[in-house]
Amino acid sequence: MPPAGIWIDGLVQSCIYMTMAFGMVLVFSILGILNWTHGQFYMLGAFVVYYAVTAAGIPFPLSLLVSGVIVGALGMLVEKFIIERLTGPGYGLLAVTAATMALIFFFEGAAGMAFGLMAKGMATTLPGVLDMGVFSISYQKIAVIIFTLIVMVAMYIVLNRTKIGKAIRATAQQPDAASLYGVNVGWVSLIVMGIGCALAAMAGGIMGPVQSVDPFMGRIPMIMSLLAIVIGGLGSLTGAIVGGIILGLLNSVIAYKISYLSEVVLFVLVIAILLIRPQGLFGAASK
Amino acid sequence: MIIGRLYIDQKSVVPKVVIGVVIALLAIVPLFTTSMVTLSTLISSGIWAVAVMGFILILRTGQFSMGQAAFMAIGGYVSAILTLNLGLSYYWLSFLASGVISGLIAFAIGLIVLRAGGTSFSIITIAFGEIVRIVALNWEDLTHGAAGILVKPPPPINIGNFEINFSLSLVPFYYFMILLVVASALFYWQIDRIRIGGTFRSVAANPVLAEHLGVHLMKYRVIAFTIAGVFTGFAGAYYVTFISVINPLIFDLWKSIQIMMMAIVGGPSLIVGGAIIGSTVLYSLGNYLSQLPVPNVQYVVFGAVVVLVLLFLPKGTGLVDLWGKFWRKVFREPEEYEIPGEFADDEEE
Amino acid sequence: MALLELNDITKFFGKLAAVEDIDLKVEKGEVLGIVGPNGSGKTTLINLISGYYKPTRGDIYFNGQKISGLRPDQIARLGIVRTFQSNVLFEGASVIESMMISSRLQYKTAEWQAFFNTRTYKDEQEKVVGNLLETLQLLDIFNETFRPAAALSHGYQRMLGIAAALAANPSVLMLDEPTTGMNHEEAMFVVENIKKINQRGITVLLIEHNMKVLLGVATRVVVLSFGNKIADGDPYEMMSKPEVIEAYLGTETV
Amino acid sequence: MIKKWYKVSSLLVAVVMVLTLLATACAAQQTPAPAQPTGPITINIGVPMPLSGTAAPWGQIPTPLREAFVQVLNKQGFQVNGQTYNLKLIQVDDENTPEGGSAAAKELIESDGCKFFAGHWSWNFSAIAAVTNPAKVIFLTRNGAPDALPASWGGGGAYDPKTMPYVVFGTPSQEEFLADCFALVDAFPNYKKIGLVDSSVSKGGPGWVAVGKALDAAGVRYASEWFAPGTTDFSPMLTRLNQEGCDIVFVAGWVGEYMAMLKQRYEMGYKNMKVACSGPFVSMDIYQAVVGVDAFEGAIGSYEAPWAFKKTQVNPSIIAQCQEAEQIAAQTTGAPYDYTGEFPWVPAHVEILTQAMQQAGTVSDPDAIMKAIRGGTFDTTAGKWTMSGAQTYGSPIVFGTPASLCSIQNGKEVYLSEHPMEPLP
């Protein structure tokens, strides 16, 4: 049985992958595409928080919201001007996949040019460690866990209690029927993309103090949340949450047990799940 | 539907005269310049073009593989390891083996992973590429880990009094690249033209109908994946010979994505033309930009070019279609000008 | 022995039976009409025969060989080819290209012969293309040979669907409502073509919603209602059977 | 008829256009005009460095100091056969990949006319050496990159003294690693166990077997761990090392990896665990910002300011040059310049090159210069080096730096211990 520190470490990873995967699945269920740039929105969010805290002096919790708004708006722009046009008639899935992948290079390069390639840190935000005797946990990691709980509850309320949330769920289930009942699918797509990117940005922002902020920080969360979705099942919100938790804990525990080959185990696991159960653990079976 | 337009009359887009002129011009490039920079840009572009052709062939069956760089890695490792253990005189045998083994692995992998099509397939190929990379990194006995294996240039070939020496200049590398590209281009072009090419496209265009017309979807997907594996393996083996080393960091996920980007920019509707145009444009551009004193500008431009090509060229058909349109406008009379795709456009607009 | 035999075929979707305990024999050379109101399981039946669905229960035999459980492409290669209810085409392909793709079952030469463009392959290709053009002529869409399939009118697209199925060299052709969305004249044109096809010795399984179309062409008719076979026999006799009328009228009044 | 003519003429236009394009491409490749004959002649030195991508900090951060050091040297220039020469560093991005290195080397040799390469830091030694060696370009590489070491040492075997006469081989990282370990033991004689952490890049090779043997022979207590490149989460590894009873962790990793370890052991409550790094601190500010002031306190790293060496003697005039360069770098960056790791790097290479040219009496004959370098003794920013690797790797030219450690106390680097470079047995 791994010690408590490993489980805490896994839990923090789970929180981030869960938040990222949730946004990605939300986008997938409405737009029908995987947003491969999700990790770069995470990175941009972290940069916004960094500059909001260090340069503008905005308090950390508020700057998380600021980064959510700014990067969410950026995500909406991407949806409006790129994704929407590339999912129109005559375009295949390849076009939009390639475009979001190209945006990975674009955003990483642009962030490198604008903010520099050096790592930046926010270690002064929430410094300190809570020592519980058997284990210890930094306040930054506690913040990550609390943040994820708040986000998940907020998303639950938004999706179940608000008008726009109901429209989103209706569109996810039956896009054609939803448009018949007066739901503007274009608007819903835009809002969902905004929410997804804002979630990624805030996840990046909350991880900023835990890790360092650099233009390439989004790559691992991106791949991991992608795997989380695949495990959980494409298009299933529950699946994204469960997949994120499984992956985060598993990653940590496997790394504790067998060290540097842990990634291979994860990838083999994903391949096995896809082959045995192509729809994922929680995905709806087709045909 | 996976890509925009699948059917373009090849003859009307790139006439044989132009192909001949281009090949002739490329063949005499070393007479004008033996500049290492120019030649190596052309050599690298050509090798990537071979890999891109493989990607487009798999695309023809409606799947996008994001692990093509892994097959380059396999080809590269096979040739490097065999040459290391057998001796340099077996270079060409190792080179052949690289394609064969890469193809065999593609066949085995294809049998397993092509059952999951679409997005799952893309993700599995990503995972496969990462596994290849991590295994190469950790299997020290065979791959020397991250240190990589030094790949020596092929031994000199003597034809009469004339010696082709790969270690003295890039010109033999250049001509062998032309040979490799022409050979694989001919193969892919012929495959795409004949019956099996039509079958591949039918699998992408309408799998259900194709299956009901007697096409075993899995079989043709695996065939395409295997063919791509063979040639991508050759490309990988030649690439590592050219840059003289193979290590696990050369062929990572981002190289697979790069292959895909080259296909998009060049235009996936033409298997040979699209691949060559795409790889040449993107590789030369990237190479030029990375020498500028502005760090990272190459990534920005790279990403922007792909998005702009997708947005502003009709239906994501890439540069090759632009060239085709220009060619038809200039050289063909209106009444001859009848290609299937045009009508489809008229209907939609 | 019947050419195609369905024994107690049942297909459940969840708990809902789309077709239940259907026994059916198709004789060589006949035009068998399968008729029934919407949702009576006609298309499900075709999907079962063509291998698109696997039956929950029961077996299908073709020439004495069990074909239930085979993949659609294996069944197509045995000679059972179907069309689809909607205009399913190869996107972007022209008429002749669609036909060429569909004709791959006619070739006996191997792919490598095609690759090297050998004499035998060339000869065979010439023959096949001849066949295809003849088929196009037979179905009166020869004039559209080089047009993009997507640019054809609805009627021609349906004809192309049939022509493509014919190109796959079937001995049994299953047509899934070939006259939907057509006026009477167009429908009669289709009926004439079906007759022509049948005269070539191809057994036709014709699914129709419209009884009138069947009267002109079918040699035998099977009536389905809610997944059950309720009648089987001569088309003109069918018209007067009370259960058939009830099945039709019942749905129409609802 | 008209149509045919139209076709032919357009084709001709196309051909002419392509030819013009090719001709311009060729013309662009012509070497630039020669420098003015009067005054000092400038010698270009190619510096292929990672300037973009994840490894960029290694190329970018030392740049101001590099430029400043050459600026200091150029004030007087150096004399060979009565002619005064100046140096110019031409830094090109090699993207830390073999392809990038190969392309950068070709660019530097052809477009910039570089006859010398120095300061290389990347994982692409073999790709660059494959370009420079046939072109008779003298290539000074810093640490033995993993691919450069002989295969018998677990490397890629790229460096072969017989076929690569124009490569000057830097210290293999194993020896620096070992020297650092001994310096750590010197500094903390009462340690319990050292946890050696290295990237799986160099895992298990014969070179590391030799390191293990040397550590065993010296009686050092240690435990080993490996991690995959790109790892960001070291908590599992630190937990294992803690369970094994290590109170010092020595990391041979990159900036990000080292910072992650410092921070994570602090967060996991292993406050007594000292974390040391094989490299120098890239920048105090970054470490404090990323790791946090508390967690950074007590961190151990290489300390390579020539004036702080206690056991290694450095020529005072070179120390003066270094200090001047540091001031210039501080002026250009607008902040105190604290990256001392640069001093035994490009400045040392430049010293070796200029002195070798003076000893050989030529700036253009690579064979004569290499003859002077081989076995020669040079006064550098990290002491006097004799370029003889007689005992190592079959290479006649290996140079290396002393292991000098510092630890962070109150946010400042404080000298800790020093251990001279010794070749592996």
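The letters A, B, C and D name the chains in turn, as written, and every chain counts its residues from 1.
In this section, contacts are C-beta pairs under 8 Å (C-beta built on N, C-alpha and C of every residue); 3 or more make two chains touch, one makes a residue touch a chain.
As the structure is a computational prediction, the values presented were derived from the model and not from experiment.
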To reach chain D from chain C by way of touching chains, what is the minimum number of steps? 2
Let me check something: if the centre of a chain is the mean of its CA atoms, which chain is farthest from chain D? C
Which chain has its Cα centroid closest to the overall Cα centroid? B
Centroid from C-alpha atoms only, then distance chain B to chain D, rounded to Å. What do you get? 35
Averaged-CA centre spacing for the pair chain B and chain A, given as whole angstrom: 32
Cα-centroid distance, chain A relative to chain C, in whole angstrom: 48
Centroid distance [mean C-alpha coordinates] between chain C and chain B, Å: 41
Residues of chain D engaged with two or more neighbouring chains: 52-53, 56, 60, 200, 203, 228
Give me the residues of chain B that touch two or more other chains. 1, 5, 134, 138, 295-296, 298-299, 344
Find every residue in chain C that makes contact with two or more other chains and list them. none
Any two chains that touch count here, so list every such pair. A-B, A-D, B-C, B-D
Within their complex, state which residues of chain B touch chain D. 17-18, 21, 25, 29, 32-33, 35-38, 40-41, 44, 134, 137-138, 140, 144-150, 167-168, 243-245, 247, 249-250, 287, 290-291, 295-296, 298-299, 330-331, 333
Note which residues of chain D are touching chain A in the complex, please. 52-54, 56-57, 60-61, 200, 203, 225-228, 230-233, 235-237, 239-240, 243, 255-256, 259-260, 263, 266-269, 283, 286, 288-295
Given the complex with chain C, which residues does chain B contribute to the contact? 1, 5-7, 190-191, 194-196, 198-199, 201-202, 205-206, 208-217, 338, 340-344, 346-347
Chain D-facing residues of chain A, complex: 2-3, 5-6, 9, 13, 112, 117-124, 127-129, 131, 135-138, 140-141, 211-212, 214, 216, 220, 251-252, 255-256, 259-261, 263
What residues of chain A sit close enough to touch chain B in their complex? 34, 82, 85-86, 89-95, 97-99, 101-110, 112-113, 117, 215, 223, 226-227, 230, 234, 260-261, 263-264, 267-268, 270-271, 274-275, 278
